[in-house]
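Each of the next two complexes has subunit A plus one more chain, namely subunit B in the first and subunit C in the second.
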Partner chain A sequence: MPTFVYMTRCDGCGHCVDICPSDIMHIDTTYRRAYNIEPNMCWECYSCVKACPQNAIDVRGYADFAPLGHSVRAVRDEEKGVIAWRIKFRNGKKDLSLLAPITTKPWGKYIPQLRDVPAPTQEQRDSQYLYNEPKYIRMDDGGIHTLETNGLKIVEGVQY
Partner chain B sequence: MAYKTIVEDNIDILVAGAGLGGTGAAFEARYWGQNKKIVIAEKANIDRSGAVAQGLYAINCYMGTRFGENNPEDHVRYARIDLMGMVREDLLFDMARHVDSAVHQFEEWGMPIMRDLEKGSFLREGRWQIMIHGESYKPLVAEAAKKSADKVYNRVAVTHLLMDEAKENRVAGAVGFNVRTGNFHVFKSKTVVCGAGGASNIFKPRSVGEGAGRVWYAPWSSGSAYALMINAGAKMTQMENRIVLARFKDGYGPVGAYFLHLKTYTQNAYGEEYESKWFPALQKMVGKEYLDPELSHATHRPIPTCLRNHAIINEVNAGRGPIHMVTMHSFQDPHLEEIGWHNFLGMTVGQAVLWAATDVDPKYQNPELTTSEPYVMGSHATGCGAWCSGPEDISPPEYQWGYNRMMTVEGLFGAGDAVGGTPHAFSSGSFTEGRISAKSACKYIDDGKAEGIRVTDSQINKLKEEVYKPMEHYKIHRNDIVAGSVNPNYINPRQALDRLQKLMDEYAGGVTVSYMTNDKLLSIGLMKMKILEEDLEKVAASDLHELLRAWEVKHRHRTSECVMQHTLFRKETRWPGYYYRGDAMKVDDENWHVLTVSRRDPQTGAYTMEKAPLYHLVEDETAAAAE
Partner chain C sequence: MFASNPFAALTETISAEMIQGYVILMAILVVGMTIYDMIHKKSAKYFFAKAKQAEANRVRELGAGDKIGIAVKVATVDVATAGEFCNPMRRISHMLMMWGFILFIVSTVALTFAYTGEAPAIVAQLWHLGAIMVMVGGYWFWFFIRVDVSAEAVSLFRIVQADLFILSLLGTTTFGLLWSIMQSKGDAMWTTIFLALFIISATFLFGGVLWSKFAHMFFKPAAAFNKRVIKADGSRENLPEDFDLTSSEIQKRYPDIPEYMGTNPSYMGLGIKREKPKHY
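Entry: the complex of A and B
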């Protein structure tokens, strides 16, 4: 379901160009507005749709199997931490509005800066632990799983 | 060529491709290497790149040891049976024992994970899957990576790994070009963590024309991880284990939550249960060990995914298609109906668009299912990828030559789709593997293993010339013709991709041949592949975007060639439902209960194939239960 850009809404800001993982949103040199240069490499991932401040990008079903006349719109609100969806069927019989959270915490604050946490000890370096382990595995002080702790041994299984 | 050369020197850890694996690596690298220089090179924008660009509605790999749910060995057993015996149990156990700590951090960072209010645990979709509102999964892990990295280069497509000229078989960084500015980037680095993702679009997709981008795995999954590693001479494993997915028709919407959480089920066009009909014959083909419906029923041991595909493929070929997903019952419950739609919006919006366009309301109509074209990847229910060293405390000697997740090229590490033999890692497991490799990479450097790396200008200049060749070629020959895309001296990247897909489809067991191939087809396919490689030397790019596509198709080609070599080598049909060797239809445990390993000689292009022993670290569930 490739994207297209409404001529009257786009102001050529380039957010969609910046984000598209497939590198297919480009600015048209004549009109100074964005468009999809390679619809058959579009995954309808909606990354550009969500990024567009003007709501100028929409999606229409792929010509080779989807008829015209439907719509699926998304508005993503980082401040409120939600995304709103509206799905309209071609026959007009269904019109769904759905809302989902995108994060439970404000952006930019809760992920630790590992440059500033205490450096790992030599013992930690020599162990199998990763950052925040073992605590973060079981959320208590239980250690990491090994073959021994779990009562396992290498079973002869080599076959040719 | 007018493009500038930008050299980033003295890098300790270069992350090539920052999807779920790469972001995990960048994040963790900062902890073990607080004074190290960490750089990311990513062909898109890390905020929305890779397979998780549009989000996910489930984390498919979570043990839940915290809630007393599973231990790592349970996951090993599960993945082993699903992959018909073939996994690297050491790597799987290692991933599984760490994966919960990644998920717990995700929740702390703000990922909305659904809770089972009665049990207090995470809401389970199935034994291994938990449900999330994962629209912003990728921006979240990208934030973690950005906080840790010294520099993030977005829109830099990595084309080659640099090799050390002082010591054979040691990596020295990577090169690539900026898709926007055209600049040539040289990353001189002590180690590289390769996280450049799996391969879609190497087989002809079911969708055509405008719809060709509607593949299940992202169209930007260009097999770069594999091609970079293969070209550097790294050993690969399980490349024959391509995956075919049963999904909702045309949109390829996921079915996991439908089966597991919404309790929907499938039937043929006439409303009949069809699966069990195919099982007796299939059991003769694969053996009771891998298909025992009674045992599965008694122990909840799942039936391998490929075998369920086999039943669909055969029922459709018998003229009783399409297969339908029975949604009409569960969707009468408004809560389940909502989850059904959210599931698509969270990770495959296209399926919602398709149903809206075709007026398919699953509440009143059972939607069609289909099987996809094959994909090559190492993190889903498939184990393609590089042959990696395992953890010191677990791995048998054949699986261990030093650093955890290091490949057979020194200093080269991997995560996610890049690592072979660790299926069922999914998003959380890929991130975890990234973390594991980052720790090892730091250790490798601290042990002084990366001293004295030398990269000469002649290596760099040679690569630079190669990188821009498609543009040069275009400039030289575009005026041979009046206009248009038909030129006797070059093909464009799309034409090359179409040819590759047709070739793989017809000779390596794609959709149009019902996933069937044999030794003759594969041998012819490999010859055609060589000729395509010659033509890829003449691929023409009219601009930087096409230069990106040119390198993607070159990477896809190399990946495909390796897939063919592996499929030819393994003389059995190990995964019926993923592919069939018409000349060796049975699972042949006596000769092929082994892992397959290949190496392409970077100088000659010749492949060496070998069998590697399969160690079982964990006993069977049945054996354990009998004790």
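Entry: the complex of A and C
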């Protein structure tokens, strides 16, 4: 289910409008509050939810991680370097708290040194692959990567 | 010019009682319409239903002392200094309007009830200062800060019902000030015209509470109080807890954090708040 805005909380700051990759968060010209103009096109990517300083945006997550209408709320707190999630089951019984540190590198710290990377060959240019594929999607070392093949398992708590 | 009571000269044509009657009528309209609005929109009912719902998620009970502390914070941070605004320009403009309006109203009551004739210069000066503060904050808002104007490039002159409040507020203060100026200049015609416009816009301002956002002055503090209560009692409207990555308790609960980030995770910068939203 796409995003929706609690109008009483939104103050029309525009952060959600700025960040939405689908460009579907807009400022309503009558009420001056944000709203999703094209719910069908929402990726439920949570970008706007995390960007909203007033926690005014809510969204029901995909059924695979929030089945049966669980409530999923997220807060991104740059000051504390935290992205916190809370998933509450519909019967109110199970209440999951997930926490991940913000791992975006500090601004200006990591600049890709593209000039050091060898220029693509003609063959690479003619290929249908994107830059550094298949290396970056790791198809070159055989098979599709899954949690299992990477020796990972889902745990409650911090997840990567 | 700003030191004389503009209402004093008015008593030569309209009796002081009539002026006072008008002020009382406006006050009744504001109170009555706010209450009607609350009943009609069921906002109070919604507010209490939400509070009841939050009870189930509470982690701690708040005592009377906590609630008083929260009320003081609401009064000093949320109301007096408009602390909820992220945008400093909007915050300053809002404070100019709010404090200007309070000055304007309080001094109007003083000038029409306490001093029907000549008033102490300071009271009249505060009346004029209030009007000017509202005008500075209000015109700044109207021309530069209104979100649909600055963000969605809507025409400056597009007027919708949501503008009833700001326009009647600006009308009241602007025409009030112009009326006072013309009166002190002794220009009878313009004095009458601006007085009429002043009364018309004030009637729209106070009589239009039901259709404008006037009542936000009363609803906002209630919402701010509620916002602080749900934080303090831990119900948080289902929002995640307030985590601190450097707290040893949190690191024990989520051992991956010290493993990946160390015990004192570095500050990653302001992220999206690094710059003011403007790309839309």
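As a convention for this text, the second predicted complex is superposed on the first by the 93 of 160 C-alpha atoms of A that agree within 3 Å, B and C clash if a C-alpha of one lies under 4 Å from a C-alpha of the other, contacts with A are read in each partner's own complex, and residues count from 1 in each chain.
What we mean here is this: a contact is a pair of C-beta atoms (placed from the backbone, for glycine too) under 8 Å apart; a residue touches a chain by one contact, two chains touch by 3 or more.
Small disclaimer: the values here were computed from a predicted structure and weren't measured.
By the touch criterion defined above, A:Thr103 reaches both subunit B and subunit C.
In the superposition on chain A, A:His15 makes contact with subunit C only, not with subunit B. In the superposition on chain A, contact of A:Asn55 is made with subunit C only, not with subunit B. In the overlay built on the shared chain, the residue A:Arg32 is in contact with subunit C alone; subunit B does not reach it.
By the touch criterion stated above, A:Met7 is placed in contact with neither subunit B nor subunit C. Of the two partner chains placed by the overlay, subunit B and subunit C both lie in contact with A:Trp85.
More residues of subunit A are touched by B (comparison of subunit B with subunit C).
Of the two partner chains, subunit B is the only one touched by A:Gly69; subunit C is not. When the two complexes are superposed on chain A, the residues of subunit A that touch both subunit B and subunit C are 18-19, 23, 26, 51, 71, 74, 76, 85, 88, 98, 101-107, 157-158, 160. Partner subunit A is touched in their complex by these residues of subunit C: 56, 84-87, 90, 146-148, 151-152, 154, 158, 160-162, 223, 237-245, 250, 253-257, 260-261, 265-274, 277-280.
In the complex of the two chains, the subunit A residues touching subunit B come out as 1-2, 18-24, 26, 37-47, 51, 59, 61-72, 74, 76, 83, 85, 87-91, 93-94, 96, 98, 100-108, 110-115, 117, 119-120, 125, 128, 130-133, 136-140, 144-147, 150, 152-160.
Residues 8, 11-15, 17-19, 23, 26-32, 51, 53-55, 71, 73-78, 80-82, 84-86, 88, 92, 97-99, 101-107, 157-158, 160 of subunit A are the ones touching subunit C in the complex.
Residue ranges on subunit B touching subunit A, taken from their complex, read 27-28, 30-32, 34, 43-45, 47-50, 53-54, 65-66, 71-73, 93-94, 97-98, 100-101, 104-105, 108-112, 133, 135-136, 139-140, 143-144, 147-148, 155, 179, 207-215, 218-220, 250, 338, 341-342, 345-346, 349-350, 352-359, 361, 391-394, 396, 432, 435-436, 439, 443, 446, 545, 548, 589-591, 593-594, 611, 613-619.
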